[in-house]
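Sharing a structure here in structure tokens format.
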Amino acid sequence: MLRYLTAGESHGKALLAIIEGLPAGIKLDGSEINILLERRQGGYGRGGRMSIEKDEVEFISGLRSSYTLGSPLGLLIKNRDWENWQTAMDPLDPVIDMSKRVARPRPGHADLPGGIKYGHKDMRNILERASARETAARVAVGAVAKELLKALGIRVQGHVFRIGGIEADSPPKIYDEKIYDNPFYCSDPRVRDQMKLVVDTVKSSNDSIGGTIRVVAEGVPPGLGSHVHWDRRLDGRLAQAVMSIPGIKAVEFGMGLRSSIEPGSHIHDGISYSKEKGYYRERNNAGGLEGGITNGEPLVIRAAMKAIPTMIMPLQSVDIDTKEKMYAIVERSDICAVPAASIVGEAMVCWVLAEAVMEKFGGDRLEEIVENYHNYLQHVKEF
Amino acid sequence: MLRYLTAGESHGKALLAIIEGLPAGIKLDGSEINILLERRQGGYGRGGRMSIEKDEVEFISGLRSSYTLGSPLGLLIKNRDWENWQTAMDPLDPVIDMSKRVARPRPGHADLPGGIKYGHKDMRNILERASARETAARVAVGAVAKELLKALGIRVQGHVFRIGGIEADSPPKIYDEKIYDNPFYCSDPRVRDQMKLVVDTVKSSNDSIGGTIRVVAEGVPPGLGSHVHWDRRLDGRLAQAVMSIPGIKAVEFGMGLRSSIEPGSHIHDGISYSKEKGYYRERNNAGGLEGGITNGEPLVIRAAMKAIPTMIMPLQSVDIDTKEKMYAIVERSDICAVPAASIVGEAMVCWVLAEAVMEKFGGDRLEEIVENYHNYLQHVKEF
Amino acid sequence: MLRYLTAGESHGKALLAIIEGLPAGIKLDGSEINILLERRQGGYGRGGRMSIEKDEVEFISGLRSSYTLGSPLGLLIKNRDWENWQTAMDPLDPVIDMSKRVARPRPGHADLPGGIKYGHKDMRNILERASARETAARVAVGAVAKELLKALGIRVQGHVFRIGGIEADSPPKIYDEKIYDNPFYCSDPRVRDQMKLVVDTVKSSNDSIGGTIRVVAEGVPPGLGSHVHWDRRLDGRLAQAVMSIPGIKAVEFGMGLRSSIEPGSHIHDGISYSKEKGYYRERNNAGGLEGGITNGEPLVIRAAMKAIPTMIMPLQSVDIDTKEKMYAIVERSDICAVPAASIVGEAMVCWVLAEAVMEKFGGDRLEEIVENYHNYLQHVKEF
Amino acid sequence: MLRYLTAGESHGKALLAIIEGLPAGIKLDGSEINILLERRQGGYGRGGRMSIEKDEVEFISGLRSSYTLGSPLGLLIKNRDWENWQTAMDPLDPVIDMSKRVARPRPGHADLPGGIKYGHKDMRNILERASARETAARVAVGAVAKELLKALGIRVQGHVFRIGGIEADSPPKIYDEKIYDNPFYCSDPRVRDQMKLVVDTVKSSNDSIGGTIRVVAEGVPPGLGSHVHWDRRLDGRLAQAVMSIPGIKAVEFGMGLRSSIEPGSHIHDGISYSKEKGYYRERNNAGGLEGGITNGEPLVIRAAMKAIPTMIMPLQSVDIDTKEKMYAIVERSDICAVPAASIVGEAMVCWVLAEAVMEKFGGDRLEEIVENYHNYLQHVKEF
């Protein structure tokens, strides 16, 4: 059983993560994490904060001489803005700088429902944790999971599929990492200018815009997840993981929504066989999953992210002290965070696949897992 | 902690479910379950099996004189077709009627990936459990969860939103139960004829068709789920539950995909306040969830179901013995199962909400939960 | 992840169990379960009920032609006494035979704390589930786990170590199954007569007596459980499982309590090595566990069971209606249930080991698990 | 659901803990944690390390101005010895000081089984995490749980009951905190000198000694835990938590082992009632638990700790490179760690009770929990 917990407020001291259940023998030197942390901070349309901080992971435990020990991996990512916020966010100081108090909740955020739930009249106590900054810890965790998958030849990549109404015309596959050189993390060079135009236009009207991310996993063996119980279905588990990313409002696999419009004869991926490839499909409308189980084809997930609700143009709200109609507070904000979300989506998919791999192949040493894995691939071949 | 397990093959003796963690004092007489079981079996476009069986629940344990005891609730639903299948499916008999063997896996089903995973050269061993018949047990479980919710004034209802390309023009709300009198479980009377035409057309070409279900929950208090950790977010948990229904390929909340296309100023639901209603919204694009937490507005979930892959017109496959190209076997099949899926969707949403309610309000007696709930509603009012 | 739920009241229709997460390919024909069910019902000192019922398992699902499918295994054990109790225990009938009501709770049972917790003024609603009859379902589940372990060469056996003050003088090891021919399930023939005398004496004074069970597992590989996180330690998990058996008040591993009295130099099991055996120990004071991990030596657990609190000689209680001092009700009872408890202990140890095996070796087919297991044993040998 | 993870090696940078699921509004200023950390480091018979380090907690997240936010609480405890160990334990440096390598595993520790499991030929990779230093993180976590319990009037205290053969003659109850002024954490002043003599004698022979701890919880309401499913029984859950403490080999509740020797009429705690106290018992042989449920009497747990296996007088082992017979390495060591274990036991009991409280009473704000709790106490009173 692989599991993790994260902690940390957006303007607190640091983000923390503990990953428990990792096998021994995974090589990590921090660079694999830092690259993904940097990508998460990048992308066209980000606000001012991203230039303040350049996230870097510090290993606290579970690693020795660049190899995992099998004990819990402790990760820490400092918040570089902390010194500016200590007077408002100190864990212990009984006197707090109240100028940072939030009394006018922002629609579209956890501010109001979270404030009610936890009884916080200062909704900063909610937004500090509900902030998408929390996803930096997830990205670090996902980067570790990715290294485990890599040892089995499973590759995972997220990218941007659509910004507002501008959709890429590109097949769902793993791309050269150069796609992250462009600030849209988009594999289709022809639409990037249009995407830029959309974001610039939205920015000039103090508004925000969303889009769709796509995550693809190649080299996934058939047989991850299971049909035998609802909560073992990998599509469900992936859907939870991706839907839990802030701002995501829709998740699709493969042909997704369209497979509910076209007749069955157009949809299903006929089964073929060749000695070299074993069983395979000519097309992959199912997105790599049948009956909640991976079928050996690439996993393809799309997720739609709403336009970010923290806009410079504020939204209608209520002052919770006076109950008067007011504009919501405006917190430092992005115009478009879809590129960042594609990196978070990649991380979440890596995590779920790593969980599924550990369940299916067991093992406490990376070598043991790889050995069990190859035995299984042999079985697949002979089926 | 509320949890359940189900068991049962499609042509085995029976389906089973055990629900563990229910409070004492919920009134059940079976009718609330049987009505939903009947709805699940109904709907326009079902195949022949539905007339064979009329599901009825039998309580094995956990209930006395129509009230839950707090001990595990044991549910059993007999498969009325069992006697015809015993020679092929007997748990113990070493001699099995091999005429029911499945060697040509059906695309779009768990047959092949499940066969590989579990090493079954007779893929009947997979499809018997992967069959949507399993959802009858989920519906029974969801019906129990629904009674718990009812005691708190939370109402949940699933209905059909779209069949193929025919979409209802009806707001997301709880409808009179009369909508189940029409075999499309659709609240918009104007489109039912068109839906019938779609299904009939598809049927005449031996094809199948999918659609979209919508589940709405009203009376949900603000504060279920949480932003504090990714796996507590209620949108993620609901997405898993609904995506795990066989055939579902996309899940959306509220405005869903469209909220990723329009600018932020069009999307977010401004916050208002009145003495009578407390905090409320003029519109509900978020679908009742902000930051992974319910916000007091109705919960609105849509899910797209692909066209059923078991068609009379068979799909390309491979004989796993000879590896020759063959048509897939044809198992008894529906043309369209979207109405049934709406009932399963309702059940899964009931379950997740019941889990969230038990986490938030604790308690071992229904009265205790209701009391804790009302204290919380008082807090909400005073916030 | 292997998991199970049980359900069923002592005088209800039946006991149920669902086991989820089993690999495909385990051979079961019911006899392996029924033998253990019979042993659980036997033993010297049992009350009248045991002659009424002879438990037999019925497979509802998850099994075909005597092999597990990988889908949830559904087990049902009928309560043969049901027809005599239906008027008092019917799940649905609104009119209940109130002569069976329990208003004078029995000390030492869940009656009173359970009645308060669940708000049952008729404490039959508690004792029906708190009854040790529930352990029949656990024994059935454990018998299935035992078959999985058997395929890896891991053998588990429970027996009686002590009744009252009479302790067997026998080493902790797996005995010939003939020990169950004597009604004390005790491997030391010299003390059986004394045990009989103790039970007979206690019986003649309408009293009850407890004792100690011992469960031994041989063929356990080193490396099950882990030191890396508190809840992965196998000693803790075994302790929970065994302590959860009704009546158990103490659990010990290996030398147990005595290892806290003698100095360290007397306790620890020096490490030796030979080409044939690999690493081994000359003695096994640790009971097969070091640092929460199995060390390759036999697992040895002892658990002390209190004297059963349902005695013919009743205990002081209170009538919960009038609050007057009264004797507790007397429910049908055993004099000594230690032999039965040894079978339940065996079942719980089998379960925990099966969980640990599935975590360590993964796999969905029994063959795959065995293959992964043998690869691991090779690694152990080469270490 | 309350949960936590810890991380950290004994000579690594720091210990970490993340507690997830805490309500908002618990007051923490660090002193409540630091006092328990200091007690854990104290006690007669500790080795040299304890003087090096004085543990202090640092709050990384989840706390603002001394109140919990409801978000994950991140705790960090620096290892003050880190600078001396960095060359041997650096997470990243590919060149490691190999003089600290462990190739001769210590009997009684995780060294050998852990080395085999995780494939570490340098068993320092095991012992660094298996070290009891890990319990410092548990103590910090338990101290937080204790504050939650305190708000409900539940008090928990661990103390030393026995060292070697010297047993205190003191009733199981909460003592004045002054008992920690004596280095045996023992409430019976008459035996402390004898305990000192035992430890000094053992020390002079380079040996080690164990003993028994006792943890008592007062103010525990009836109704925590449940009889309805084996894994809900609170005795089982407490047994796991306490047995998971390094060195613990036996766990008992109330009268424990002795209740398996004496006849039933001597054991069970008759039920009484008075208007002032409600239901109560004249004695508490059950240790506060019946049927796996708290019964309102004090919870009483004893746990026996073996003599520490890291002795100055080394034990027989094998060099894993040469397979030759050798003495085990000698790592810095204590003579007797029973006083420290009593503090860890207290922490684990606090944790399990806090979990049980959150399950039974729900709630996200401390006030809400307290309110639900008082409503329940009213129900208890009226039963």
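Note that the chains are named A, B, C and D in the order they appear, and that numbering of residues resets to 1 at the start of each chain.
As a working rule, contacts are C-beta pairs under 8 Å (C-beta built on N, C-alpha and C of every residue); 3 or more make two chains touch, one makes a residue touch a chain.
Just so you know, these numbers come straight off a predicted model, no measurement behind them.
Looking at chain A and chain D, the chains that touch each of them are B, C. Each step here moves to a touching chain, and the least such steps from chain A to chain C number 1. Homomeric contact chain B/chain C is classed as same-residue, with over half of its interface positions used by both copies. Annotation: the A-D interface is duplicated by B-C among the options B-D, B-C or A-C, judged by over half of the residue-numbered contact pairs being identical. Ranking every chain by how far its Cα centroid lies from the centroid of chain C, the top place goes to A. Centres computed as Cα averages put chain B at a distance of 44 Å from chain D. In whole angstrom, the spacing between the mean C-alpha positions of chain B and chain C is 37.
We define each chain's centre as the mean of its Cα atoms; on that basis chain C and chain D are separated by 26 Å. For chain D, the set of residues touching two or more other chains reads 5-6, 20, 70-72, 117, 119, 129, 223, 226, 228-229, 364, 368, 379.
Listed in rising order, the residues of chain A touching chain C in the complex are 1, 20, 70-72, 223, 226, 228-229, 358-364, 368, 371-372, 375-376, 379. For chain D in complex with chain A, the residues that touch the partner chain are 3-9, 12-18, 20, 23-25, 29-30, 59-66, 69-74, 76, 89-96, 117-120, 125, 128-129, 364-365, 367-368. For chain A in complex with chain B, the residues that touch the partner chain are 5-6, 105, 107-117, 119, 126, 129-130, 134, 138, 162, 164-165, 202, 205, 207-212, 222-223, 226-231, 233, 235-246, 248-257, 259-273, 279, 281, 286-287, 290-296, 304-309, 311, 313, 315-318, 320, 323, 325, 328, 348, 379-380, 383.
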